[in-house]
Amino acid sequence: MFIRECWYVAALSSELEGKPLSRQILGEHVAIYRTESGEVVAVADRCPHRGYPLSLGKVEGELLVCGYHGFTFDCSGSCVSVPGQDRIPTKADVRTYRVVEQGRWLWIWMGDGEADLTKLPETPWLVENPQWSSVTGYAKIDGSFDFLVDNLLDLSHETYLHNGSIGTPEVATTPIEVEVDDDAKVVRVFRHMDAVQCPPFYSKTTGLEGQVDRWQDIEYFPPGFYMLNARIAPVGQPPLADGSDDHAFHMKIFYGLTPASEGKVHDFWALARDFCVGDEEIDRFLEKMQASVVQEDVDALNILQARANESDTWSEVSIKIDRGGLAARRVLETMKQVQ
Amino acid sequence: MFIRECWYVAALSSELEGKPLSRQILGEHVAIYRTESGEVVAVADRCPHRGYPLSLGKVEGELLVCGYHGFTFDCSGSCVSVPGQDRIPTKADVRTYRVVEQGRWLWIWMGDGEADLTKLPETPWLVENPQWSSVTGYAKIDGSFDFLVDNLLDLSHETYLHNGSIGTPEVATTPIEVEVDDDAKVVRVFRHMDAVQCPPFYSKTTGLEGQVDRWQDIEYFPPGFYMLNARIAPVGQPPLADGSDDHAFHMKIFYGLTPASEGKVHDFWALARDFCVGDEEIDRFLEKMQASVVQEDVDALNILQARANESDTWSEVSIKIDRGGLAARRVLETMKQVQ
Amino acid sequence: MFIRECWYVAALSSELEGKPLSRQILGEHVAIYRTESGEVVAVADRCPHRGYPLSLGKVEGELLVCGYHGFTFDCSGSCVSVPGQDRIPTKADVRTYRVVEQGRWLWIWMGDGEADLTKLPETPWLVENPQWSSVTGYAKIDGSFDFLVDNLLDLSHETYLHNGSIGTPEVATTPIEVEVDDDAKVVRVFRHMDAVQCPPFYSKTTGLEGQVDRWQDIEYFPPGFYMLNARIAPVGQPPLADGSDDHAFHMKIFYGLTPASEGKVHDFWALARDFCVGDEEIDRFLEKMQASVVQEDVDALNILQARANESDTWSEVSIKIDRGGLAARRVLETMKQVQ
């Protein structure tokens, strides 16, 4: 029921300080930890002995020691020690998952096939970078993956759910354009709002007041990676033919969408900007604002799921603003079929 | 499984101040709100677009605006606006329910048939009235409708569960009389206790001390309306032949029994009295006492339900005090069959 | 699914002060109470009338009065009074369970057959006694009976889960010996550690520092009674041929394992010692230490159960330290079959 042969965000790098992290991904519990030398390792979060979560164990140098009876594993998942005897049973090894740390995020390959590094989304804006500053965060949603996809692909909800931070009337009233690249499996949604009120989220960070041109260009790479290219610029100063766009402020809003289990999803987010680079006060402001926006989504999706859990019949009504979300559903369905 | 073609109490009028109210009735989520002009409207609590609860939306004048994407509905449930386009889909309307505000309560017709106003229980005692003062309140019970019917039709439990407020030994020891009007679908239970101790609930409000005549005459109109006519009078002064009863204090204790879903029920209550009319101190005392009595019932019914959820087999033992409850069950069963 | 024809610990004697105790045992709710004369009575915790828990009732002299409608029962479970009438229905009696109070524990026979007193475990060390002092306590585990048996029969987990109190490296590294008495249905596990570090639990109570001989001799009487004979002694001073062992400190750690329902178990514990007898400061220290050790087990077993509830497939890997637990499982399986 999940698309498995792909990369998902598994954790923020900052979550790997101290003890191992337990995270459920595609219904599987995974223990993720950083060894003393800095290597990041992901293993099935269940000791082969009696099933105790390995995430409750202890990292000792490059080894992970189970917290119940001391079964000990190296970074390849091989069991190297058991209590009370020298012989290690052949079945005592634990499954590992391929992980890649990139920028502020840790990516994981949950598939049975070999991890395909060519499919790993690139996020240079999240890497230490003189042109871009970034912040990141995480929320767990007790709502389905599909509800989150719907939410992110149709930003008209900003006007109502995020009124007061990023939502203004024009987001809902401005029609969108949708493009689907069926081969590359990318869904693009464009909403260009010209000469509209600059919302607080952007006016406080860019210094622009009153009317601006505000563009929202979404690129969704199903299933797990989403990028919103936000452009805020003085009215009537579009990018030049050579692509340069010096008058504009650019922000990239990333989401890592990772199914936890049926009806639950991890919502990793990051914001990168090409202005006020290195300004830590702006970092804190954006962190706080975005966490609050995400929480509004979390609350909405949690209640949608709670209601969905109760009722067996439901037929929705779609309109033009839903074309992005409907396109995303089609691509996701195709990916499930192929698999 | 629910009796649908009838009136149920949906809310206290006082619950309709400010934002829309979300209430589950007969398993259906209903959004109830008062428009700017004062009209009360009840609609299915699910936006036809993506299913978001309309109760989380905003009342704007006579309109209700969904809090997720702004679908907007008038008082007839017609969708009058959607984001990003002028055309309104034909299926975007939302179901409405007929509601009637009367006294301090709001009644709703959940049936598929047309709302039958002739069946609406009359509650003149709860309307602004020089002869009667009233207070009202509400509790939610995580217990089934049937348990609440049992509870209200057999008041012998007052002696044990409500000891110290309305319960005295004589309630349990005094036999009852039961009458069933199968045509009108009314169950009546009479318990006349003569020369018994006046419980605190009545002595503090009537001023009567020591022994009194205390009558409890129940009229239950299945499924959703219950009225207990309480009469407290000096010993040996029954009503006259012409029905006048000047020496007595009368209180009417109303219950609106509204199934929320399987195993959960709304418990609306009101108390009207024909003495100390307009005395707000007595209002507060009765509100507090009755809320406490109801809470004792809530606690008991919650635990009955929790135990019932665990066990599949159960055979009860009935005695004479149960004749009222057993009669009520029979009438309810007939009403379900007919439906 | 439960072994029924045997004795289980139902409660600590200290739990029977004041109001009746409600305890679920083998899936059945039991109300346990002490009458005014001191007799301990256990009855099905469900009034035959309308199913209200009798544990919410009131003890009046030698009688138990239901808190809902006042059905009243004597110590044999016979209903002796109902409200509103003199005749007692024949089916109004409530089932009783045979209970025996012994030392600090109350034992119950849940079986359908007659209670067999010859099978009652003897616990003279918990009775008022000049040679032994004891403390006792209780915890509820949201984990299965089987997980608790595994836990108690394989003490190698002390090294990891109870590190800092009773766990030292040698517990995990020292091999065990296992004996099964299939006729008497007893499983014995021996671990004799010679010249090892004395853990804080014992050094603070015995006064021994540095190296000691530490023996852990388990006797498990399936299903419900477990005794760990702990011996701490100066190095190289084994018991004499006549059994005398004057240099050693002895502690007996008892567990009463009582299934509450599927996936939940009551964990009664007691500690008796033949040193510092009567020292209340040592009592408090041991109470606190043991409660903390038990909580570590509770936390571990709760999470094992939570994970087990999620996954349907699981195959474990066993090693030599598991021989005690595996033997216990075999005996338990046999007892279930025979039944």
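Note that the chains are named A, B and C in the order they appear, and that numbering of residues resets to 1 at the start of each chain.
Quick note on the criterion: contacts are C-beta pairs under 8 Å (C-beta built on N, C-alpha and C of every residue); 3 or more make two chains touch, one makes a residue touch a chain.
Note that the structure is predicted; figures quoted are calculated from it, not measured.
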Joint neighbours of subunit B and subunit A, given as chain labels: C
Equivalent interface positions on subunit B and subunit C, same or different at half: different
For subunit B paired with subunit C, centre-to-centre distance based on mean C-alpha positions, whole Å: 48
Subunit C, residues touching no fewer than two other chains: none
Residue ranges of subunit A in contact with subunit B within the complex: 150, 154, 156-157, 159-161, 172-176, 300, 303-304, 307-308, 314, 316-321
Touch list for subunit A against partner subunit C, complex: 29, 46, 48-53, 56, 65-70, 82-85, 89, 91-92
